[in-house]
Amino acid sequence: MSEREDLVLAYRILAARGVVDAYGHVSLRTAKNPNRYLLARAMAPELVTADDILEFDLDSNPVKDTQVALYLERYIHGEIFKSRSEIKAVVHNHSPSVIPFGVTTVPLRPLFNTGAFIGEGVPTFEIRDFQESGDLIIKTPYLGHSLATTLGAKPAALMRGHGAVVVGESLMLAVVRSVYLELSAKLQMQAMLIAGPDANIVYLDDAEVAAISGRQAFAGTWKRTWDLWCIKARAQIEMEQRAKRPKASFPVKAGADRRRSRVG
Amino acid sequence: MSEREDLVLAYRILAARGVVDAYGHVSLRTAKNPNRYLLARAMAPELVTADDILEFDLDSNPVKDTQVALYLERYIHGEIFKSRSEIKAVVHNHSPSVIPFGVTTVPLRPLFNTGAFIGEGVPTFEIRDFQESGDLIIKTPYLGHSLATTLGAKPAALMRGHGAVVVGESLMLAVVRSVYLELSAKLQMQAMLIAGPDANIVYLDDAEVAAISGRQAFAGTWKRTWDLWCIKARAQIEMEQRAKRPKASFPVKAGADRRRSRVG
Amino acid sequence: MSEREDLVLAYRILAARGVVDAYGHVSLRTAKNPNRYLLARAMAPELVTADDILEFDLDSNPVKDTQVALYLERYIHGEIFKSRSEIKAVVHNHSPSVIPFGVTTVPLRPLFNTGAFIGEGVPTFEIRDFQESGDLIIKTPYLGHSLATTLGAKPAALMRGHGAVVVGESLMLAVVRSVYLELSAKLQMQAMLIAGPDANIVYLDDAEVAAISGRQAFAGTWKRTWDLWCIKARAQIEMEQRAKRPKASFPVKAGADRRRSRVG
Amino acid sequence: MSEREDLVLAYRILAARGVVDAYGHVSLRTAKNPNRYLLARAMAPELVTADDILEFDLDSNPVKDTQVALYLERYIHGEIFKSRSEIKAVVHNHSPSVIPFGVTTVPLRPLFNTGAFIGEGVPTFEIRDFQESGDLIIKTPYLGHSLATTLGAKPAALMRGHGAVVVGESLMLAVVRSVYLELSAKLQMQAMLIAGPDANIVYLDDAEVAAISGRQAFAGTWKRTWDLWCIKARAQIEMEQRAKRPKASFPVKAGADRRRSRVG
């Protein structure tokens, strides 16, 4: 129950910070069974409620029969959970500032304190190396496994022409890293712009990455951000609930209405 | 009736996503008569209500006599509907990130999954090739027809020094493409910035465009975005209605007031 | 009375569109006496109400004695009104995207339809040519007159290291031009970025500027934007008034409170 | 008491203007004892209330015993207050546009009127020159003193790979400078982009900096901005208080709730 509510907040936070739009999803491995993970049914992050969260096994099959539509790319989550036992949460997003780095050979590099984890390495997944269909979607266990292999032990991987995947030893860590990956990409672009073609930029060095990133993953550093965002996400949910109470007079169609009634 | 409400939502969504400001419009071919289309009277998208929607024939004449001002550029819609029987909706906008591409010889190219349709081609309409008046407005059937000819079978065309036109086999498709055309243009600028003058950027290749774009046009891919935006547009409309109920004490002038009373 | 309310809306619109922050001001020549103009007392645009509007003569002296602080740079308005009898409104702003053009030798050029007026010319005022004090503020009639001379018959002038001045044959025109000057500057930067060092950009040519700009100044083109912004500005004012009614429990200090009570 | 409320507003303003996110802090030297300063407990700026403000001595020890978590980097404040008796307030932030300048050798330079203080010099603090741990955090008096030494008599210093520190002879001055440092950095990037590699940019010269910056520090120039932001911050606080009154039905967890109840 609590895990589902945490996951709802994670969805809302990612949407509120612009890291996901109508696409993208975040999963949480269950505490009581490491071979299960929670993920929403196929829907926009901003609309997810606790009732929309489903439980999956690591082959990404729903544990209970369901008629609702599922994310085609849920294999991203299952295959990473299989290959990384320490990972508790996975975010897949189309984070805007990250996409341009995914389509160039310019690597994301660690630029500032809160983006130090980037220094552990952010490889790029090239789907053309694993299939010839021309599709970019991770819609099979094989592609999910291939992405997990490219990710290896890193905190994040770019997906060329598509987006990124970000993982964490906690839900908080996966979400906070997603947000700071976006910010760091934006700042790196700006540093490259002002430094010019010679690009004399002082990135964090290996000692700095080692000193900072590991500590941030477990210490209270991110908690301050996470707590703030949770408070704001809850306030947003409450506002939606209040707005819903006086029945709308504008006619809404059945399909949308049904989904909408699940917002509260 | 339902078509009019859908079109109102389309206007509101385009405004909320920053794809139109006070200018720009979106039309919908009617289901019962393919030789008719719906379009608002000349007004800002954010203010359009069902009462503001008029019906036009394909020569872009209003079907019923009316005293209200009409968009000078309604020929964009009529002439494209004439030349593309499969097209159900047309958006004309001054989408900000798209304008810079319209004035350079740098083509928009497909960069990521949700912008794959750009790979079908986005030609640029140069009005100087069709008239010598110096005006940039598509204010005659001839100019509308010329634009439709430049557009050809493509999903969108840039209009040099002006904006863009985006079409779809459904209203949803034309609106979603408009939003992702804007985003893709922004991301392409950023990719060009970080890739530098040598510009080593991996765009989607033809196989990828073929595999993705056609499927997206008809499958449920865009539905998730569309439903989200409709929910938000309806919430905005309801908020405006609530705000209106307690009569304002600030004196408003007659002209603005009349228009405003149509917001609800 | 009506002129004062129009001017309040102009202040609010400029703030809402990001063209002014706490600085910047807009003036309106009075209809009944062309040797008088209206301008707020020295205050942030977002807070201006009809009670804050004062009347000045063309030497920029307040017509009635007053104890309130006046804008040091009011001479911008008075001196331009003196030299340009057809001008009815003057905006001075620190419009962010315009400032970078003011400090380089790269001229603003007309890029798209709604920015066509830029093609009439936007000269840059270099205050170093007129004084040696090192100050950048137009705090004397002489500096105001010098700026008016640089402006000449143009619709706008940049002020190096400071901001811009924008004029119009109507209040609407000065405000709308201010907003589109900002947008056009932003888009020109982007066009320069994607076009690269060779900068092959197709700007509007003289025929286009001639065909478009003059017409826009007087036809209904801008009315659609203006009306939309006025509606939104009025809604904002009403929202502030409603928020004020239930007396705040948070202790506010006397000085701020007094100013605040004038918001409504 | 009044000092605490002023400091709360400063926290809120910095968050509202995007100069701090969940990190960053601002301190105020107490008027009655120049060897004391006020600073919040370790928490997100947006959530700070008067009850969260603690008093410290210049060694950055809390004057009263406390169980709450303290900012690890509070030495930034104490050491600068020690070395600069005229300074009354210190801001530490991760201001986004400033970070890229901190990692390049391109100096921030004064570009426009409200950023004139930058012309007094904004040095960059390279923590590698003072320790070998690889950490970037100012978590000892020694590092705080080193930063204060780099800052010298300047109004601000960048911290490589981290953020910035900004100081003022008043709380208002430190806050306003923080906001305009961010804006000026953004505009300088844009000026560099449009000026190109030859970078022919007219920065404020020494005479201009001398004429403007000193005057701005003490005259009423910044008061207009400060008053506006205080009014908006108070309105935001009042809105939060109103939103809190009808008890939320969404279950919130104890930890977050406790913190939240301190918002009002």
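Going by the order they are written in, the chains are A, B, C and D; count residues from 1 in each one.
As a convention for this text, a contact is a pair of C-beta atoms (placed from the backbone, for glycine too) under 8 Å apart; a residue touches a chain by one contact, two chains touch by 3 or more.
Since the structure is predicted, the reported quantities are computational estimates derived from the model, not experimental observations.
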item	value
Same-site or different-site touching of subunit C by its copy subunit D, using the half cut	different
Chain of greatest Cα-centre distance to subunit D	B
Interchain centroid distance [CA atoms averaged], subunit A/subunit C, Å	43
Centre-to-centre distance between subunit D and subunit A (centres being mean Cα positions), rounded to whole Å	31
Per-residue multi-chain contacts in subunit D, two or more chains	188, 193, 197
Pairs of chains found to touch, sorted by chain label	A-B, A-D, B-C, C-D
Sites on subunit C touched by subunit B in the complex	2, 5, 111-114, 116, 183, 186-188, 190-191, 193-197, 200-205, 207-212, 220, 224-225, 227-231, 234-235, 237-239, 241-242
Residues on subunit A engaged by subunit B in the complex (per definition of touch)	21-23, 42-44, 46-47, 69, 94, 96-97, 99-106, 132-137, 160-163, 188-189, 192-193, 197, 243, 246, 248-253, 255-256, 259-260, 263
